[in-house]
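First comes the structure, then the notes that go with it.
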Amino acid sequence: MALVKLIEYADAGPEVRAVYDDIMKTRNVDWINNFWKAIANDPKTLKRTWESVKEVMTPGALDARTKELIYLAVSVTNNCEYCIVSHMAGARKAGATDAMLAELMAVVGMANETNRLVNGWRVEVDEKLQKAARGG
Amino acid sequence: MALVKLIEYADAGPEVRAVYDDIMKTRNVDWINNFWKAIANDPKTLKRTWESVKEVMTPGALDARTKELIYLAVSVTNNCEYCIVSHMAGARKAGATDAMLAELMAVVGMANETNRLVNGWRVEVDEKLQKAARGG
Amino acid sequence: MALVKLIEYADAGPEVRAVYDDIMKTRNVDWINNFWKAIANDPKTLKRTWESVKEVMTPGALDARTKELIYLAVSVTNNCEYCIVSHMAGARKAGATDAMLAELMAVVGMANETNRLVNGWRVEVDEKLQKAARGG
Amino acid sequence: MALVKLIEYADAGPEVRAVYDDIMKTRNVDWINNFWKAIANDPKTLKRTWESVKEVMTPGALDARTKELIYLAVSVTNNCEYCIVSHMAGARKAGATDAMLAELMAVVGMANETNRLVNGWRVEVDEKLQKAARGG
Amino acid sequence: MALVKLIEYADAGPEVRAVYDDIMKTRNVDWINNFWKAIANDPKTLKRTWESVKEVMTPGALDARTKELIYLAVSVTNNCEYCIVSHMAGARKAGATDAMLAELMAVVGMANETNRLVNGWRVEVDEKLQKAARGG
Amino acid sequence: MALVKLIEYADAGPEVRAVYDDIMKTRNVDWINNFWKAIANDPKTLKRTWESVKEVMTPGALDARTKELIYLAVSVTNNCEYCIVSHMAGARKAGATDAMLAELMAVVGMANETNRLVNGWRVEVDEKLQKAARGG
């Protein structure tokens, strides 16, 4: 059971309802998932978070699916169950297949492994890589 | 300065050289970056890690650029400097633009934020999302 | 179910009972929560941990509520469910309101986001900030 | 050296300058620190992040100093050097003393320790604490 | 419920069965635990992960029990429930006693605490320690 | 440069000197490393941390070398440079060889990888493992 009451549409004030309406319209769904209902106890955080997520997740230089995969990779690394489930759902909705999700997990696992091999031996950054990372 | 000596090609035994040769051939480069030189002190770990990275990062259901972006997203979340630099370089080599990298950072930041909002309020997973994540 | 048996007061030896008594007296409660019952399997760890927690959480330059909020912020960042619940309870006991907890979550989320934006771009510390942090 | 060019005021476009002006006015300072100059390469992220930080860090139910301490506690847990330095500076500006900062570090350390003792033994949440956390 | 179907031996193809057979033979058990059944949806990841785990966990300079304790220490730090349970079981099978596990938890907790005290104050590495770490 | 002044023996008060003396005597060394000099700004934290570390790291059911390896594994996972260097030095002093340290890194890397594969697929704990972990 969550540590706050979930705010249902019927019980919400106008500020919260406006955000809920925009979520449903933007995502073309007819329901609100628990994350928004939980943070709706603080309408300013609800509004700010939704507007930020909407801006960040809108397709741009990266398409919607790639963005969902990145969100999922972070959530797996942090072991956030709710975020893993919701963004795996989001990735599938944006076209991710079983094979893509399996490859994502393999990359996330490998990155978490090599991150520690590098950390452990305190490997210094190669100048060539530094330059290449900067686009030089 | 790294906590181990970096093994240069000229000083490497045949097992290490075979891996170095495969790295240079696979990536079409003529030099070895410090990460491999550090773990080459343990030739078995060098061989296993390289073969794993090669298998995982080969384009499949996900293309090379998407895999590099996922690797980078994990490395940013974990604050691994070497991995950030090397995989930002890798992402650029695979075609990532400044705009793509900027969007990646925005998504990584947002995911790390909402992961904590969810954690903090112990939000329960919606059954609909659980089903959608499973591809149901 | 925990991976160790929880040691109840009735089953505890004198060393454990002495700690339990001090916990109940210090906190003015008549029961022991599961954390202490779990680590009581190792009486030395129980005693050391309780004495450390007592020393650290006693009001000093920071009041009890601020200390509980800091404890909670760390626990949310680490996604430790038990610690989130117990220190949200502790924060409320020390006077934290719904509004304060909501603001805490917003700050924790934002800090986790900007931490990654900074990490990702490897932003160098400004000398002025370094000096100001040192109180110079 | 950061992985992006730092955008100086003199080289910034009007959208970035407007944010820089608001930062300097809001904080009553006459310079911009490197974090903003780095993310200014992506003006939308600069604007969104600044407006979010401004909203979140404005004194409300929690005062400015408590918010800075919470930000610092998260940054120490995540080992983000830039954020530690900048928010230790921010905490001092908001009145934090050496003694307060020392107590904060002690609490952060202790929380990171007990988080693992709880994780390791998989201690179950007490119903009484769950209820108290919810304000019941 | 896991986000993928668990692949039972009876339903597995020859590639997966070959890995399952090797797991059971190597570990001298007659069943397969859920981790392998989950990643078996991606036979290449199953094979690579098993062969890597087998190589890494085989006794060498470190004995089997020490390796299991190290695996457990990482899993506790990352709060990975499945891994904590499975490697605590593995540690016990390799001879770890209640007293050893209790001492492990104490060390893991203390390391997580002092890691943050060091991070928070940005303590610089002593040259003598750097040299000693390198075996000089 | 650390964010606090390092307290040298010559400048320390009697409470700090007593701890420094005990550190040098216990470890049979004639100098104090920077970690203690940094936290000595808060003598209570210095005393409590030293006494805790001394108690936890004293050989018991686990020998000194195993404890240092566990400490190192946590520090590598958390990417704490100071702690990696100091506990790699400590592990060597307690007899760890190059081969042992290389195997430790391999185990730490693998654990960080499989932790994420398990997290990502939300694999449920097997009852048999749960029972075995409890020593049943």
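We call the chains A, B, C, D, E and F, going by the order they appear; numbering starts again at 1 in every chain.
In the analysis below, a residue touches a chain if its C-beta (ideal position, glycine included) is under 8 Å from a C-beta of that chain, and two chains touch if they have at least 3 such contacts.
According to UniProt, the chain labels map to these proteins: A, B, C, D, E, F = Alkyl hydroperoxide reductase AhpD.
Remember, it's a predicted structure, so these values are computed and weren't measured experimentally.
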item	value
Topological distance between subunit C and subunit F, in contact steps	1
Set of chains adjacent to subunit D and to subunit F	A, B, C, E
Distance-maximising chain from subunit E - centres being C-alpha averages	D
Centroid-based (C-alpha) most distant chain relative to subunit F	A
Same-residue or different-residue interface between subunit C and subunit E, half as cut-off	different
Angle of rotation relating subunit A to subunit D [CA atoms, steps of 5 degrees]	180
Subunit C and subunit D, separation of their C-alpha mean positions in angstrom	19
Distance from the mean Cα position of subunit C to that of subunit B, given in whole angstrom	34
Per-residue overlap in subunit E, given as positions that touch at least 2 other chains	1, 3-4, 39, 45, 49, 52, 56, 77-81, 84-85, 88, 98-99, 102-106, 108-110, 112-115, 117, 119-122, 130, 133
Arrangement of touching chains [line / ring / star / complete / other]	complete
Residues of subunit A defined as touching subunit C within the complex	3, 39, 41-42, 45, 49, 78-80
Subunit A-facing residues of subunit D, complex	1, 3-4, 44, 48, 52, 55-56, 130, 133-134
Residues on subunit C engaged by subunit B in the complex (per definition of touch)	76-77, 79, 81, 84-85, 104-105, 108-110, 112-117, 119-122
Contact set on subunit D toward subunit C in their complex	1-4, 31, 33-35, 38-39, 45, 49, 52-53, 56-57, 60-62, 66-67, 69-71, 73-75, 77-78, 80-89, 92-93, 97-100, 102-104, 106-108, 110-115, 117-126, 128-130, 132-133, 135
Residues on subunit A engaged by subunit E in the complex (per definition of touch)	79, 84-85, 88, 98-99, 102-103, 105-106, 109
